[in-house]
């Protein structure tokens, strides 16, 4: 039995060295990144069996993704596309500090996953899994992907698999209005909602204090757990009528991309381990902080390292 | 006045280090490549004014192309696309010696140039230019690109600009039958034809000795000059009823991609310089041999270096 | 069920860039290498389930090995050592062409595997597997490793799993005399023997023509198959009374280390696929030739690439 | 017509990787740098036609400079020197944080530009340009360079081209006393003066508040605009009797070299665009802050990025 | 005559690039590091003759150490081991900011130095030297190394050579109790003790204020000088009944490893130069701060740079 | 006592990666190179004491040279120049295979050594040395350098130190006529002459067979030994009336620069070791062949490696 199955798109991630620009660089670092595979990799590294479902072109570029995910122990029973009209989603990222900021260029149209159907995926893996995770990026990719997302969430729900959904609003994929409709169509099948405060306000159109936001969401959609992520201000969760406030751990950031997914991965791993929500949030925040010190989207961490951060003795040199 | 105007697609070229594979690499070299910009760059580096026409996405990735071409002195009055449905054509190349060979993965669908129209391009540049060059890749990209290719060739023809066309058959873009139809629709407007022997046989369906091939083509389509490129066996040209046989110069190959374009660039530069066809072929072969020693698609050479190869004293250390 | 289980040591492999020396380099490439994991990786990449058994220190260095093997789809149910007196075997390699040659410095004493016992390994995996492979390096590592090798070979033998053994003589681990005794103690349990011609002569003390060598070995130890590897002269096999001569495919060598293991991997994959010995040798030689074009110990290839070499159309650029 | 012409020396810039020292490094990054080409590149990138005048050795090292400047769209009608007694100016830079600081070693004696004469340069380009910029480095290079600087400034002045001069005092080229004499000889032909506060005090020997400095300079030399650059304290400008105070934008600095030139480039681009001095200073400060996040001397920026900083929404990730 | 002789182990130091992890990296930086050679290199670079005694395997890996130390002017009359059972000590270091911290993996068992005997070393060099330095790491390596340490300290003491000892407690080599016994056995022969505050408390079991610690140590063991290093809080020294408080100089840290050794090196160089303890501490702190800006264990600095930091004008760009 | 003292210029050597060009590269490898230091380094690495005399700017660039030479055990009692008008000689090298060849750009004017005087150098080191080596590059650098060369050769001669001189004609430093005069002025003080066949013909204006050349030179100038180096055809020596013919060892060339100096270094080391001329030439050729496999000017080899080549068992992998 798998502990966690996730479903979504993973892209090639291409970035110039620090301080260099896409316009002029001769060198690109090649990594992979996708919310759902990032979560699967974090959970696998933290000691649980995870699998990632997706659709990839049957090419070295597609295999680049499975090769890296397998290296972290993630099982990758994906659908392989031979359709030449589909391709490998790609994104370019240029890291820049203030005031330049980080610039992302998506090149993901016609990715193989836009043609995915639930039929091509081993849905029994979801039924036999303890948890299922996907994010709001997936239904935004195409009508087919939206339909598959709905089917897989319902499959999980019917089988008693705990479903986890992160809004992950992407303005380059759909408008807030479209996203709100898309999200609401899925909420019935969702047990645990993860939502950035900004998306909650700007996409779901909710307002009030953070506490208002989590209780409003929980009330309206009957979520088992709601986690509001608030950037530097940490996270606020509501579960079983109780709220939990989790600050961030300070981190020397090398690469901020994937921080949110590491947070979710840390939370789910703790929950799979039987920890309560409060402890889950600690592990989430610790995994997220560790991720920031590491190049690439994926939280290349160990359970011991997360424990050390939670136990607050991570830094310094041991010799 | 410009000496040479070219029109075509230029892609980003991504390749892992020697001996590394796309499936497992963490590093990619980023270069640019496209037959028509390769020719324009070679001609500019060899001392003549050249311009390259195309359509690019208005993004850092699109500008990556113009930045590099400008560095070689090529003028780049391209059309910039704001259409989010178009993108930057990209190709991945994995260099491998025998028996692995070199593997190319094209990711060029929906490139901005597939939506190009002659109207968006500064066609007066072609009318005022001495030569115009494009290749058989361009009409294969899309119906719109095919139409623009025809229009630009006719524009050149009408203005008395010498037109140069390289078959450059690409099996991943169209079938031999489609290509043959596409080529023939353009031949009327072509003065100088460059054709790989293999394409001449397999796409144009011609046979006989190399001499038969060049004379047959010249007779059937009334080309001013026909150049048959024959790989390691050199090139055979027919011009004004005379044939010219040009062997290759030996080269220690670092990167073979772009050799054919360097050949054309060397030939056109010599012709722009008033040299006859025989000398033009020598410069073509010398430029091609130099290109093979250089990383990337572009022949980063000087006229003095080409002279030295033609004069056969290129190698050794001068100190 | 697993198709192939292998057992042996895998080391970290550290090498300076081409033309640089260990004495003066500031940069090392880190790869992993070990005959048995190389074979497991090749077989996995060629489409079969493989697992690698070993013992590693429970540290980032130990995990470096499983991370890379998993990336190639190899299952790694290894024993993890917490014993601080054991360590990660390491080897340094300096590639040099003629007349410098390639220099290898082993630093493998007290590797975790020297303390391995069959009890700590999932021997049921061997019993349920179609083939089991180990090499003559493993019993040379320590008395414990020798004992475990014998136990695992016998386990395989008893279960009807085809056993494959490659002499792989290492002069830095034991003398020819010690090795001969060690090998002979295991031969009873071996079905398929792979032996370098030089080891056959210098360690096993046999002489005669290559044909004499294979028939002598087969007769004396009742091997089902004997494969004599002969460097540039290819390989000679004896199976069911028939001999098979397989020449090498020419290759532009980037990294020769691991060529022999790729040969074995290609052979076993073909045999797992139901191919006969003659075809198996072709696949072996093709996989070996491809390996030479690739950096690192592991044959990062695909079945299609091996097919292409066997079908003799591997080189050139397809576009 | 060109919008801006600049005149001055550009050097090769060689620097070891971060944390490495010239004494021990095996790797150098090669960039180019020079106040006047930095300004020309910034202005070109911000959307205006610019040209850079200079004298370079006719060698690959000299062309290294024009190749890079052309890549940013700068026109480079330079004089090429065949005189073997002249060379390419070079500087070595070792970036070090506190308390080590940044160390610069100039190797610029006998650079080709030290033999420059106004006659070898296309002075009509200056007469037809809207603005002309040079800095106090140029006259310090040699008597010939000083004479050419004076001639070009006067040429500009006579033609009604706005002249811009940045003191850019370099203690390794001349003493404060020599510099003061050199500057004053040129001030009559200068419309816009840019002066570091320190140079104003230590070289020009002025004192008082920053306001005193700008008004004193404007009064004494009848400058149209005076801009006093004050490091972290921003800039103070006087124009048409009004003073303008511009703070710096905070920046995560990757490479501080070229910040002042980016400031001037941003200011001149805004002025060429018809913006007033206040807005010009904002663009100056924004361009300077962006430059600090970018490796190399040149502000590889876009107008949109500068707009974003001025509009204060540059940071964060947009996706 | 040599100014300083040191004795101890130097290891190869292998580290992945910033933000990368040992588990997944393909690249390692190779440096060397060891307290005693770090001190010898710093003192040599600061203008004094130094020699480093040790025992190394007679291999390219052993020579990697002497090559680098010689480059800094350190004389390396080491004993070379041909014993295959001994090896080159190695350590892996993964730099990570908060909250990950820096992780060190030692792989130093059976290093050649563990078999060292005073007889194999040129002890006359110690007798003829002004100072002798070793640290608490050396006696912890093996019984033989402990015996050699004692012999060499006594040799120095007998010859009137000033002896300097740094506790340098390493928990991975021995327990606090073992270390305390080991240290005390050597204290009689020590003139100058350097001790981290934490080691003083946790290993030597002392308590009280920092002032109590230094005076207690000086009283109990009759040290000529005691220096207590206190991390960010600087250092406190006691000499001739007087205490000296030295704060740290702020530093932009690139690599913190070796900071303590640079501190000792700066102190000893100043003392060799005839400076008093107060000035010695300033040079110690300045050398340590400079070290932090430099990659690797060794303080690649010049006397002028240390002077500049002490004179507080190190930062900024001089041009 | 030193075994060998050499005197000459060493330059910084800057080169782009293979296949890259100076015009477009962003990366340079930094090495050092100079005939006389190359010889000193080879001799030191082969087991003899060597020292290199020269004059360098007192800067990190000057120290870059001594740091690297010291790393190979070469003593560097050089004169340090504080004269800002002198600089560090530099050369740029672009490796290119056929037909491009290798291009060298010297930037050595006003190097510190051009102001050298014998007075500033520790000439007693020459008097106490067994051999003294310099090459025809040194007197070509400046009048001062020529005078110092003569003085040092005479000093050696007077003291009975064997003097070795390699013509090393450099056409960019002087004409053949000037060189011939310069050489002849020194020949009286030379015991062992090394001369490239081409220089012998084109500069010294001699003709005939190689045998004629060596005997003619020996007769005319009374050299003890004459070695004619003949590129791929090996070397021919005359000593004591006997001629010795030495072919080259085949080598996979990574970097050919410094081959001739490695040849001389190997020869001198063998002679210092008491070997006869025939054996000396074997060691010379072996050291030269090894050098070709190694990046940089310097033969980073060991005596064992040279022995292995002479004994013809260098290639292959030993494990």
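Brief remarks follow.
Going by the order they are written in, the chains are A, B, C, D, E and F; count residues from 1 in each one.
In this text, a contact is a pair of C-beta atoms (placed from the backbone, for glycine too) under 8 Å apart; a residue touches a chain by one contact, two chains touch by 3 or more.
The structure presented is a predicted model; accordingly, all values stated were derived computationally and were not measured.
Common neighbours of subunit E and subunit F under the contact rule above are C, D.
Shared contact partners of subunit B and subunit F comprise C, D.
Seen from the Cα centre of subunit C, the chain whose own Cα centre is farthest off is D. In terms of the distance between Cα centroids, subunit A is separated most widely from F. The distance from the centre of subunit A to the centre of subunit F, with each centre set as the mean of the Cα atoms, comes to 62 Å. Subunit E has its Cα centroid 46 Å from the Cα centroid of subunit D. Chain geometry summary: the mean Cα position of subunit C and that of subunit E are 44 Å apart. Work out the mean CA point of subunit A and of subunit C, and you get 39 Å between them. Multi-chain contact residues of subunit C (touching two or more other chains): 21, 23-24, 26, 67, 71, 103. Under the stated contact rule, the graph of chain-to-chain touches falls outside the line, ring, star and complete shapes. Taken together, the chains touch in the following pairs: A-B, A-C, A-D, A-E, B-C, B-D, B-F, C-E, C-F, D-E, D-F, E-F.
By the touch rule above, subunit C contacts subunit A in their complex via residues 67-68, 70-73.
Chain contact summary for the complex, subunit A toward subunit B: residues 14, 21-31, 59-61, 63-64, 67, 85, 87-88, 90, 92, 94, 103, 105, 107, 109-110.
Residues of subunit A touching subunit D in their complex: 17-21, 23-24, 96-104, 106, 170-172, 256-257. Residues of subunit B touching subunit F in their complex: 71, 249-255, 286, 289-290, 293-295, 300, 305, 308-309, 314-319.
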